[in-house]
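Below, each structure is written out as structure tokens.
You will see two complexes here that share chain A, one where it goes with chain B and one where it goes with chain C.
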Partner chain A sequence: MSRSTGLVALQEWEGYVIEIGEDEFVSRLWDITAGAKREEEEATIPLEEISEEDRDKIRLGSIFRWVIGYQRSVAGNRRRVSEVVFRDLPVLTQADWDEAREWAIETRRLLGL
Partner chain B sequence: MHLGNGRWAVVDSCEDENGHPLALRYLEALGVDPARSVILIVTTHWHDDHIRGMGQLVQTCEAANFSCASVLTSEEFMQTVRALDDRHDSGRVRSGLRELHTVLVTLRRRRTSPIYASPNRVILSESGCCIRSLSPSDSMYLEFLRSIAGVRAPIGQSKNRIPALRPNQVSVALWVTMDNTAAVLGADLERLGWKHVLALSARPRGLASVFKVPHHGAANAHEPRVWTEMLEKDVHAVLTPWTLGGQVTPTRGDARRILSCSKNAYATANVIGRGGGRSKRPGMVDRTLAESRAVVRRPLMPVGTVRLRKEVGSDDDWSVERLSDACHLRDYLTGWKSK
Partner chain C sequence: MRIEPDISGVAIVLLGHFNPAILTPAWFAMHGLLSDSTAESATLGVAHPDVTEFSTEWLRLRARSDQMELYTVQAPHIRLRDFAVRTFREHLFHTPLKAFGINRFVHFKVRTPAERIHIGALLAPKSPWGKWGQALENAGSRGGMTSLTMTLFGPDDQPAGGQVNVTVEPSNLVGKDGTGVFAVVNDHYGTNTDDPGSAAHVVESLEANFESSTSHSEEIIDHVMSLSSA
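On to the complex of A and B.
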């Protein structure tokens, strides 16, 4: 069995889910490879492209990284790779929620509301 | 909007290809100092396509009052804005909520209260110019808060990016008058919202000669009585197109409907038949995409401007300029730019 020596990214996007269909989802994408400052593209991605463990992370607003490139083996062979990985963003905690409420109350007070 | 005497109002915000607010770019190109000349900024709602760059716009326009629907500064909504958007570690996935958070932080620092938009409320009145909000109605307030609670990540789950909620229940439509001229700016207000506007007991009377067509010309925002009771015949109607998943709004059917209401209808870009574009990429990337059946397209419109100008107080009609990619709506149907 050959050992791969890492993924060489030819194209990388960061995106978020804007619509979920029966067997695909629609997302907006930033082209990281091009150094995009704003969303430039939109993708329709089949759900079968997503690993089983990531399927339940697909929700409206979920954020992911999508990398297309190749992995080179020790023997020098190249294997094309496309990986969509949903990011594990920080969990919303009760402390976050309580702090946010305090901020909202204080901000409303400062705004004279 | 130029309000006369070098004073300006800005309604909503979007960005150019460099992430710079387009309103600032437009004003700076005219030699206007936005820090001193913009006296009112209105956020009609918090969807991305209407609020991008709003944070920078508010920071720059130091003399401007800020107006929005009151629900956007409710304790519940602000709690959601703060909890989901200020600790986000991604610099790219900026959302409407993040822009709103930036606006609120700026207002907080300035100790400046927003001017709330509600049915039939005057949000600006000076020197012959009056801007009045027509919406959102009170009944939409609670409905909106319920919707937000339903889509944010619950405690214990990863934070998410709040999706744009449909239908849009808290969009601020505006009635603008300057001397004998009126305009209706429809934001993304949908049909139910327009029924509430039409039912207002003290709704502004008169007919508008300019109409910003709501919700990109979509059928769900079309209320025929708006055209017959609030707008002049052949009102100058302007819309901005929008895409999602390869589908374009307005569709050809939408364009035909709007043209049946007014022959003076324009769009800030002509996207019918363009099919989105594709970026140039290495062949291996394209082959991988083809095998995966994923489709990547460039949905963004070229940026165009429909500029309407009229001498305040005169009986002359509006002069209409279509700049860059802006077009007459007939071009949606004929497929080429008319003169």
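On to the complex of A and C.
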């Protein structure tokens, strides 16, 4: 890792995309730093804020983390940074689907449906 | 945390049987676990049957035949968990894994060397040490705590074989004027090594516990920080 000693988060949100425009996207967010468990805010984020390699990940429902914090250089200089990182979440495997289907069937049986 | 760290990160350490030779940036890019641009810009230290080490903008990976460490000092830390889970759930699912640890660490600075000495004095008082303690006291800044680890074996909220180790010591990276403190919480999870599905269980446990573990670790670290003004 580089000439930086890293990005220290002061504030972090998780969000998902609800609308994609030509130059921006709209998202719903919840405050990870405050321990929120459900979305509380909406934000419009310019596409130019997103790294080139993450632009391909922007779809309706895509999940991301938005971090505001300080990046320090090895020389000790500190600058405020805002970074949006789209999450590469594990895909659901066929085994996951099969397990979910079996659970649903069993639950229906137990409920007498 | 009440003091903004100079360095703040997480490491995931996996114990098992690995093939370091394959764990190169190119392999991870081929399987869609790292982007092509990230893999191409990675710094490859060594790629060898016994050890592989490389670093990217946000990830450092070190692998031996019995251990793999994934390390980041770039928020968001959840990215590290996602990377590890995808690697071992989607691709290396036959890898025998027997345990893992989530290590949350920070290097931070207090305002004065006296505050750092005060933290050490609270965590490791000199008075119980009798004459030796008096010698430490008389030595002033030349005597005191240089490293302390507290361990909880078998935490209530973990399967058998787990333990939490918290270590506090002077930082060797920041605050070299006597103000730097390093704190790390090692949250270790064991698993049943005889279980042929051990990789799946380890991955499932890592996925389920990563955020609660780091959150709990941050509470512990924050408390250590509070001692500077206690």
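In this text, the second predicted complex is superposed on the first by the 106 of 113 C-alpha atoms of A that agree within 3 Å, B and C clash if a C-alpha of one lies under 4 Å from a C-alpha of the other, contacts with A are read in each partner's own complex, and residues count from 1 in each chain.
Rule of thumb we're sticking to: a contact is a pair of C-beta atoms (placed from the backbone, for glycine too) under 8 Å apart; a residue touches a chain by one contact, two chains touch by 3 or more.
Worth saying up front: this structure is predicted, and the values here are computed from it rather than measured.
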When chain B and chain C are modelled together on chain A, clash or fit: fit
Chain B versus chain C as contact partner of A:Arg72, first or second or both or neither: second
Which of chain B and chain C A:Leu47 touches, first, second, both or neither: neither
Touching partner for A:Leu7 - first (chain B), second (chain C), both, neither: second
Arrangement angle, chain B at one end, chain C at the other, chain A at the vertex (C-alpha, nearest 10°): 130
Chain A residues touched - chain C or chain B, whichever exceeds: B
Which of chain B and chain C A:Val85 touches, first, second, both or neither: second
Minimum distance between Cα atoms of chain B and chain C in the superposition (Å): 5
Intersection of the chain A residues that touch chain B with those that touch chain C: 10, 69-70, 87-91, 93
Residues of chain C defined as touching chain A within the complex: 4-9, 33, 35, 37-38, 55-60, 72-76, 78-79, 82-83, 85-86, 89-90, 173, 207, 215
Touching residues (chain side chain A, partner chain C) in the complex: 1-2, 5-10, 12, 35, 52-53, 65, 67, 69-70, 72, 83, 85, 87-91, 93
Chain B residues touching chain A - in the complex, by the definition given at the top: 15, 17-19, 52, 73, 75-76, 78-84, 87-90, 92-93, 95, 104, 107-108, 111-114, 151-164, 243-246, 276, 279, 281-282, 284-285, 287-289, 292-300
Touching residues on chain A, where the partner in the complex is chain B: 10-11, 14, 16, 18-19, 26, 29-32, 34, 37-46, 49, 57, 59-63, 68-70, 80-82, 87-94, 96-97, 99-101, 103-105, 107-108, 110-113
